[in-house]
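Next come the structures, one after another.
Look for chain A in each of the two complexes below; its partner is chain B in the first and chain C in the second.
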Partner chain A sequence: MPLLFAHLMQTGFGGFYDGVAHLFLTPSDLLLVLGLALLAGQQGPQGGRLLLTLLPLSWWIGLAVGQHWGLDFTLALLTTMLFSSVGVLVALSLRLSPLLLAFTVAGSGLLFGLINGFTMPSAASGLPLDVLGVVSGVAVLSVLISAQVAATRSNGFCIAVRVAGSWIAAAGFLSVGMLFKAA
Partner chain B sequence: MRWRWLLLALLLSFLPSAALAHVPEGGAGSVMAGLLHPVTGIDHVVAMVAVGLWGAVLGAPAIWLLPVAFPMVMAFGGVMGLLDLPLPGVETGIALSALVLGVMVMLQQRLPLALAAGLVGLCALFHGYAHGVELPDGADALLFSLAFVGATGLLHLVGIGLGEARRLAWGHRLLQVVGAVIAVVGVWSLIQAGAA
Partner chain C sequence: MVRRVLVPLLMLAALLMPRLVSAHDLFPGFLEVQATSASTYQVLWKLPLLQGQRLPIAPRFPDDCALQSAPDSRQEASALVYRAELSCREPLEGRLISIDGLASAGTEVLLRVRPWQTEALQTLLIQPEQPEAVIPTASEADQQPGVWSYLRLGIEHILLGVDHLLLLLGLVLIVRDGWMLLKTVTAFTLANSITLSVSAIGIVQVPVAPLNAAIALSILFIGTEVVRFRRGQTSFTLRHPWVLACGFGLLHGFGYARGLAELGLPHHELLLALLLFNVGIEIGQDVFVVLVLALERAFRQLQIRWPFWVRCVPAWTIGCAGAYWTIETTVSLIKGGV
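== the complex of A and B ==
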């Protein structure tokens, strides 16, 4: 068994569920997907559609490339700064152009997919179920949250979304500080 | 009906706390440490609650602006503390923040939004700095930070919830009392900081 299996959650239910669990048990990945979903939802239905199209696709491409290279590093500082920035955008409730949103979503998906790919073994044959699990988790989570944010017009809910963004950003900033201190 | 709730509370109080021993070290330990860190100092707790209370007193948009801005400014202070950047009078600043915010709540003072936000931001900077300096080594950075920020946000929420009592007939009196208690804790912290 390759050593890199140590980075993948073993649920005992098979590769697909290992992939889903990997997303939900990796805080930085989860916070990025949450942040992007909130951000896309704030842009309305168009943002949600763009997210659902680009994020799983770019994540999948990144995963495939990462698995092909088979390196073992995490780029923790870069990923933390990335989702912190997304949190700031959500907290500020900024209106982004579709092009900028697409660039942010695709770039984030590629980077995080790439790092996932480094830590996941490639399937020797057949469909890589763990990859399918991660990408399905990303797609389902992003569509559920962005749709809810896009559909809800309640003022209180919009404030809660911005507060959630500020929490993501603040947690990210503190983590960056701790990473700098540890370095 | 009330005796049933009392009975339930009594039964729950007999539950063994030994189950806590099952919390694994590492990730979950970091979450617990992050959740508990902001609530272990009374001066921090009262100041966070006071931020929510004062936001409620000020009304919209301060009621949501302060809880959105506070965590980010606090995190900035935390990074300053983590990187050992100089910030003079941290303990005094924290004690003063409880005192000033308590007085603001007690008097139900309605300052202009920019001034209120600046004051609360300054408090957030001192509190974040102190937490940054005290952060435990070896904690899972992200889980700890997330739990820490979440716990702080929940303390704001407690303050906002308490502040909503102002809509009741006796609510203003309650806010005055809570504000006074917070101010007293601030004075006590100030004396402690001076003695240290």
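== the complex of A and C ==
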């Protein structure tokens, strides 16, 4: 049983809010979006714009593919390593080339979207509101955080961002350890 | 080229969206069970109608319970109301009541229970993911604050009410500064609280069909005002959006009250339930407004320069949805008579 994964939860407010809640109640997804938002924000407004363009789009494509093909695997180790690595990059406050950032964002979005897709049955009819909820949640959370990080230049805030990155990395490494122990 | 392709596509999407989403009506089912003796009960069941069709849900009582006679039924504006006497071999307290069909109906049921030998009414919310509830005993009913369900219903009503959210979005989009925003949101809040209260208590009654048409028209109107604002034009409402917010707040308050009226308010906890429902609505509204403002600020911080046609998308969406609902509700008004 993979760690840090959750099935689509029901808020009682309908599919859209179930999708939003899914993002916020799935620690691995939440930590990845937080990490990528911090990382993109560290690259400045351009990084934030790139994140806003690529992450929701790649997440949505991954989700659609995952729902359509319904492959039953979760790649727990890979996803945990991925958000841990993003956390390390944030903690190191590295400047990335736009191409590398785009590759990281799009790859992560596709992978996590794909895994989300496995846990969400596709809507039999009408709008896939849960998918819309997840993608909206990803877009809103990433744009709010990356914009704040990109706009704030104080030393204290930059340190706080790096500390947050180190916590994300630490949570990831802890999960990797638990995965190996569980195996 | 991009503009030539995307603009018609977005307009088409804006025209189709209201059909897919539809304006939200808060009509959870409502089941009231009041003990008249140790094992007999007065049952009131309000079955919601969605666009005139009854929802496929029904309460299921334990097998040893039976109706003493055929239920009395009457039709209200958006619900079928059944009243019946229920008799059980064993008391219902501590046993399960379930709602058949709730898991797929996309709504909830508010269950109000008065067990034998208590005056306390216990309110429970039965949800699709767990379509059953245990009837509380008299001592449990005396202790539990079930009226808090109304807070959740208030939040739910605003978060699922696409029509109300579009109006709020329009109001936020035509406001120029923070002070005016505060005045506008306060005016909207006060106005809808007034009409929600007077209507829910029964002081003022507004017919449903004209009310729906007027609410739809308010959304269409705000859509045109957002377009006017985007073009740099001005009008009385753009200079004083709080006046518009006040007027439309009064209107939408009646809409909120209609949903609440369908549920019925418990007499002994009327003010508290009304207050909690209203607070729930205000929480939902404020969360939405804060989110819109935060996104607007984030876009500025990221120095995103949207093309003009993208900046017009919210106005088109609000206007097209308002136009669609106006036509739909007006047709239904004409068909059904005032």
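One rule holds for everything that comes next: the second predicted complex is superposed on the first by the 177 of 183 C-alpha atoms of A that agree within 3 Å, B and C clash if a C-alpha of one lies under 4 Å from a C-alpha of the other, contacts with A are read in each partner's own complex, and residues count from 1 in each chain.
Heads up, the rule we're going with is that a contact is a pair of C-beta atoms (placed from the backbone, for glycine too) under 8 Å apart; a residue touches a chain by one contact, two chains touch by 3 or more.
All figures in this text were calculated on a predicted structure; none of them were measured in a lab.
The partner that reaches more residues of chain A, of the two candidates chain B and chain C, is B. Looking at the shared chain after the overlay, A:17 reaches chain C, while chain B stays out of its contact range. Of the two partner chains, chain C is the only one touched by A:151; chain B is not.
Looking at the shared chain after the overlay, A:171 reaches chain B, while chain C stays out of its contact range. By the touch criterion defined above, A:143 lies against chain C but remains apart from chain B after alignment on the C-alpha atoms of chain A. Contacts of A:49 after superposition on the shared chain: chain C is touched, whereas chain B is not. By the touch rule above, chain B contacts chain A in their complex via residues 64, 67-72, 74-76, 78-79, 81-83, 132, 135, 139, 141-146, 148-150, 153.
Contacts from chain C toward chain A in the complex involve residues 20-21, 106, 108, 127-129, 152, 156, 159-160, 291, 294-295, 297-299, 301-304. Interface residues of chain A, counted against chain C in their complex, comprise 10, 12-14, 17, 45, 48-49, 52, 126-127, 140, 143-144, 146-148, 150-151.
Listed in rising order, the residues of chain A touching chain B in the complex are 27-28, 31, 80, 88, 91, 159, 162-163, 165-167, 169-182.
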